[in-house]
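One structure follows; several queries about it will come next.
Per-chain residue numbering starts at 1, and chain names A, B, C and D are given in the order in which the chains are listed.
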Amino acid sequence: MFLETVRSEGLAHLSYLIGDKGKMVVIDPRFDCEIYVDIAYRHNSRITHIFETHCNEDYVIGSTRLAKRTGANIYHGRHTSFKYGDSVSEGDTFELGNILLSILETPGHTYESISIVLADKNFSKEPVAVFTGDTLFIGNTGRIDFFPDQIENCAVLLYDSIFKKLLPLGDHVILYPAHGGGSICGINIASREFSTLGYERKYNPILQMNRDEFIKHKAHEHHYKPPYFSSMWKHNLEGAPSLKNLQEPAPINIDKFAMAINNGMIVLDVRSLEAFASAYIPGSIAIPLEIIPIFAGWFLPYDKPIGLVIDQYEQAEKAARYLIRLGYDNICGYLEHGMYEWGASGHTCDKIPAVYTGEILRRLNMKNTFTLLDVRCKEEFEKGHLPNAINIYVGELPDYLDKIPKDQLITCFCTTGKRAIIAASILKRNGFQKVEDWLGSITACAALGYPVVSR
Amino acid sequence: MFLETVRSEGLAHLSYLIGDKGKMVVIDPRFDCEIYVDIAYRHNSRITHIFETHCNEDYVIGSTRLAKRTGANIYHGRHTSFKYGDSVSEGDTFELGNILLSILETPGHTYESISIVLADKNFSKEPVAVFTGDTLFIGNTGRIDFFPDQIENCAVLLYDSIFKKLLPLGDHVILYPAHGGGSICGINIASREFSTLGYERKYNPILQMNRDEFIKHKAHEHHYKPPYFSSMWKHNLEGAPSLKNLQEPAPINIDKFAMAINNGMIVLDVRSLEAFASAYIPGSIAIPLEIIPIFAGWFLPYDKPIGLVIDQYEQAEKAARYLIRLGYDNICGYLEHGMYEWGASGHTCDKIPAVYTGEILRRLNMKNTFTLLDVRCKEEFEKGHLPNAINIYVGELPDYLDKIPKDQLITCFCTTGKRAIIAASILKRNGFQKVEDWLGSITACAALGYPVVSR
Amino acid sequence: MFLETVRSEGLAHLSYLIGDKGKMVVIDPRFDCEIYVDIAYRHNSRITHIFETHCNEDYVIGSTRLAKRTGANIYHGRHTSFKYGDSVSEGDTFELGNILLSILETPGHTYESISIVLADKNFSKEPVAVFTGDTLFIGNTGRIDFFPDQIENCAVLLYDSIFKKLLPLGDHVILYPAHGGGSICGINIASREFSTLGYERKYNPILQMNRDEFIKHKAHEHHYKPPYFSSMWKHNLEGAPSLKNLQEPAPINIDKFAMAINNGMIVLDVRSLEAFASAYIPGSIAIPLEIIPIFAGWFLPYDKPIGLVIDQYEQAEKAARYLIRLGYDNICGYLEHGMYEWGASGHTCDKIPAVYTGEILRRLNMKNTFTLLDVRCKEEFEKGHLPNAINIYVGELPDYLDKIPKDQLITCFCTTGKRAIIAASILKRNGFQKVEDWLGSITACAALGYPVVSR
Amino acid sequence: MFLETVRSEGLAHLSYLIGDKGKMVVIDPRFDCEIYVDIAYRHNSRITHIFETHCNEDYVIGSTRLAKRTGANIYHGRHTSFKYGDSVSEGDTFELGNILLSILETPGHTYESISIVLADKNFSKEPVAVFTGDTLFIGNTGRIDFFPDQIENCAVLLYDSIFKKLLPLGDHVILYPAHGGGSICGINIASREFSTLGYERKYNPILQMNRDEFIKHKAHEHHYKPPYFSSMWKHNLEGAPSLKNLQEPAPINIDKFAMAINNGMIVLDVRSLEAFASAYIPGSIAIPLEIIPIFAGWFLPYDKPIGLVIDQYEQAEKAARYLIRLGYDNICGYLEHGMYEWGASGHTCDKIPAVYTGEILRRLNMKNTFTLLDVRCKEEFEKGHLPNAINIYVGELPDYLDKIPKDQLITCFCTTGKRAIIAASILKRNGFQKVEDWLGSITACAALGYPVVSR
């Protein structure tokens, strides 16, 4: 019996393969699903079952593509109307070799959420592990804000799913959730990827609350909801989005790239934040490569062509992979020869200066006039921030531009400067002239011992 | 906090890396230890601590090589005299980032055996996982027969280590042992590689016994002890065997290969068992590539050169890797151009015919005279065997040649025919003329419904 | 300016990429054309032009797939009616960076054959290299037997193409042909892959003949024509065969595999020839993996499903790749768990014994009665053969079965035994009972000093 | 017969493997010589001969390491006293399979230089190709300035080697030199890597000169001579530099890195030039990764530890590989977590602003006062430069610091900005305050139509 975890970085998405005696199950496959076929192939196994723990809102599920490729059946919970696959109910069981899987209905995060209990018949029909989807994470639980008028109800459902269905499986049961640390489907998920129901029962802070506290806490939890979520939800209900397959983007020569910009192409610049201190194409949206999975869905449209700016060829393939997982198949290529030739060809460049901590402190001490724009999320801000900073979450920045003084120098910052460079590029696109990115950001500030206040 | 398992196939050896905030621990590194450096590198981490759960008898530990490469410190239990590294005692703790490790002394398998308890300080100082070495496996426990005159004492120690130290850590604690299914360091280890102390407490058959039963059972357990174990033990106490590094073996041309055979070189033929039905070099020892880690130590000397016969170049590198892990650095190369050219050059070949199940059944029905030699281990034989078969374990075959009739056809078999081909080649080396390998072996027989008896 | 050769083994097909300043040309792309896109990508280049030196008969050209992927234009000679791409004429030129390409019409192998002359404008507009397709090879020329009633005319055309168009380009011009040693598009092509027009003019044996000798020689040259050639020709004229894309074949379980055989599936066994000495599925066609590109087209139908028997998973992918290049997209999968489990499950096996040279010599000396069937091609046979062997080329064996005595032992042989195992499997499929494969074949015989006669 | 070229980027070094029938020759192996063993392995061949065309001055030869690994013999010319290997003389021949190699003594670049002539005995004993080392390149010849008092003599020798020995081999002979475009061992070497003696005879500009012109031209050619050349020469005469093997550098934590700087460690920052516009460690030497092979030998000492600053882990391995080829084995590691954490930890940063072309033009039009420092080589400068720029070659910058005004803004530029960032970092290390790097440099300027003057 083997079990393998497939991680999708950025999304912090965890999918699983479980196999025995030549048959294999995949739980929550991602869109670029070739990896599951490869793993099955290496294990001389056929993928026969695909389970979806719930209808995902943060990425395009790969079930229908994987099913088409392998002939496997797709299964999901019965309390939502999917246009594909089969519904399962509490207590349904599936056997493959010595694997015994059984279904628990665990609503809360969504109504159709299920958990999948795993037993090893060689030893016992009792559970050894459980796949909990977005119901229970390590160190936290799933969010429950997708049906704003039913939040309290969802909190109740979630509490009961965890306390009446999952925890009773036993302390010894290993926990395999659908997301790890960094996911936007939960808050404060642990960076550690291994735990048990018993460990969570004892040490997961949310599970230390009583029923009322739990419901109140979850009902009032603050979450951001990127606009692309609704597209994902639609894709994942219909099951077979007519997305083009993942392909290596091709180079676009400078003249065509410039012309495409004039015709409305969005420029997505995935280079390191330092690169912006040197030169970038005016109007670009900056999203450092590794955080595309988290932030692209806030800023990129589905209906316009996207042109990439990269500084290493591998970045093009990776950016395309990250974007297709969010349903973007409108990438028309990348700028051939990169910013070097763009600059060399005489096209206009802009820059977003980087500033480091010493300079910020000097200005603060000099009582210079400038705006400190903290683009971290509300929770991070409340834990500790600079006394004179204003806070607008990077994802929501386009909605609050009027809160930012237009004629001052604006110093964007976050934890390290990555989200800040997104914010800075958004400000620039919206006509702000003097914008800079603070390298090191709040982390550096803390290291220097500068006073940080909390709410 | 990340945790990664490194598997060494054949040995079914599991080593672990645990890291946080740029520092990393390795538990029980293997000889070809480059893989740990690579993983650390990818995680932008330095290896600072190496733990050995005990002095290993089945493979050469890589601690001193890895320490030399990385500057890490080596730690092991204090009840054996190692010539390198530092001793640790019950309760010693180590912190790296949020990782908190603490030592449990868990003797039984050996006297110096330790277990390493892992906590995640982000959540609690209480344990989340434990690395148990060869003390507790999934589905079984370590063997205790290395000090034949002290077996009962070791059984007592092992019982107390498991019941008084490990299990009290709590049902919710995840179990990371040093071996998986197929290891010769235990019997009936589960093929599943994930479990918890709670699951083992409930479903590990050995742990269902009471203290007396347990001690009696372990004290009478039957284990094979390959002759190479003593070399491993010596290597691992001294810590720095002057083994040559792993290298790709070079081709040896046919004439030199033939001459080397005359001068005493041992020929190790790692090809598929079907290949022997066609042609092999007389006198070769057959060990199919993937079971070298288990069987080479029974048959290969350390003091003679070894020449390989392969049919794919990758096999040479893999064979060398498997052999160096067992302390063999005396491989002088592989036969250039393989058996094709050996045959083509006019050198003598021999063959070991393959026979399949239908033919065996026909012979049995005809009451033909031939010897059915079952080379599986005693436990397998006792569970179910052909009524008229004799059983000699493949590893011990050289010691029991006189039990086998010399003038009859001898049909070697096991579960699939792989161990049988080793046996057949050993018989041939010892002058037996009519030897064949049963393709499919007992598995096929069972599939055909032929009556199989048990003890 | 860079030039890279892409080799397709077995077919001995050579395709080329030439690029400068971000643009790239591909000459004679193969079907699985991802490799060209990857190379272009690594060179930060776009493929803008695809040239076909002629309409190929031995593999499916990848032009239309590559054009679809990259947007490149396709060009070929004007004397055949292609259903896609653009025609070029003598003297047409193309410039990309400092690359200057010009077209020579060089008919003979086919009527529309062109050669592509390369100059480096940095130094001169005079040629530095020429891509000759199947017109001129290293050590030989293309074959001219595709229009049987026009052979003499083709020979004249070929002579003039070589002597009036190619050689006059100058001794210093480097030669890049479309095939290397081993191709079935020519005889005795050199194994060396680098040459110049001057070297060929001086040392290519065919070019040492005068016009009449050349025409007579080429007109009487003997070539085999596998039945799949006509399918290739048709594919390559139409340009867009609706072939499925290359995919990793999936495992098929034993029961389904057996059932599919009953329903007419062809079994293609690609394992080593030694494996057949042990066991194979009755009725299989044996083609060792590496010679699939040369021999599959003689034996496999396009309209029946094909099931593979392999002994390593990588072989499935490779076999599928080799087969799609020949237009076979009817592979339904491979036998799960291979011959081990087939045997173990009790299904019937057959075997083709291997015999080695000593045994053959013994029989010859004993004047035993058996048939020596030499399946090499006519030219090889005439150069040297065993006095009492009969010669039927492996490809044509199905047409000459009546020439082979049915009740005798038949010893198939060739140069090493690989083509012989194909022949042996074909004989077995056709009811011959006693068939064996001579390991080492004629090569071994020569090594032993056994008398070999020539015509 | 196979031939494979191994390229070492940056050095533009070309080494070759030629093999037939299981034996292989390597010509001019590089230090990190595992690649030759791998290629031999894939071809099932043994490396039996290693040739050095001459004693190299620009990289550490790998002969003795490769010989130790493979048992091959080393051969080189007899007119220099090597401390290892065997000497060969004009006319010596070597046979491997159908390969026939013969030695031509071709002094000029150095006294012991040899060329190696290749024939394919299958076709003729006359040559098909020649390996010319640094005697004849594609589009140029080797430099002859290593013995400053004997330049005229060397020019005579080189002329005679080319015109009396190489060219007489015949126009049809393929040319395989030891360097391609970009090497510092010659000027204006073609970017095209394929040519023949005939093509060079006709179109190599240097070979169009008569004897006197040639000698005069070569005797007056201008070359730069980096200080590391003398170390290379010494290494390569002695043959077995006690260099440590290539290893992946390990991370060094920020505190230790800072302390090492205080103790004299040289910081080599290999990041993209844009990164410097954001932040770098004061005092670092900037050398963009891909040009380390060309410029490290100008600036780095052999006797001080070197610490790397990278922004991707792969860069550390690549930098170490490039440096060991130049004899630097004094790399102690790379800055853990890169500049992010350096900045975040509050350590001081500096920056080198990037400027783009529009700004430069604006300043020029405004007649602003600033220094345009062109760090390209003399020949590039003379071909075309900005009217008011001063020219100091980047390698020689440390010797001419007094020619640069200390109190003005200094705009470093070259062709693209890469050499300029080296220059800028050297200026900063030497106390210049206002230094910037012109992104796009002269290339951009040309594109904008700004007037460029030539000598």
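Structure notes:
We take it that contacts are C-beta pairs under 8 Å (C-beta built on N, C-alpha and C of every residue); 3 or more make two chains touch, one makes a residue touch a chain.
Not measured: the values here are computed from a predicted model.
Traced through touching neighbours, the fewest hops from chain A to chain D number 1. Where chain C touches chain D, over half of the residue numbers in use are shared by the two copies, so each contributes mostly the same positions. Greatest Cα centroid separation from chain C: this falls to A.
Between the CA-based centres of chain B and chain D the separation comes to 49 Å, rounded to the whole angstrom.
One simple way to say how far apart two chains are is to compare their mean CA positions; for chain C and chain D this gives 42 Å. Remark: chain B and chain C have CA centroids separated by 45 Å (rounded to whole angstrom).
Multi-chain contact residues of chain D, defined as those touching 2 or more other chains: none present.
If you draw each protein chain as a dot and join the dots that touch, every dot ends up joined to every other dot. Contact residues of chain A toward chain D in the complex are 271-279, 311-312, 339-340, 343-346, 348-349, 351, 354, 356-358, 416-417, 439-441, 443-444, 447-448. Looking at the complex, you find that chain B touches chain A at residues 1-3, 120, 122-124, 126, 128-129, 139, 170-174, 190-199, 201-204.
Put simply, chain B touches chain D in their complex at residues 22, 37-38, 41-42, 44-46, 69-70, 247-248, 250-251, 253, 313, 336-337.
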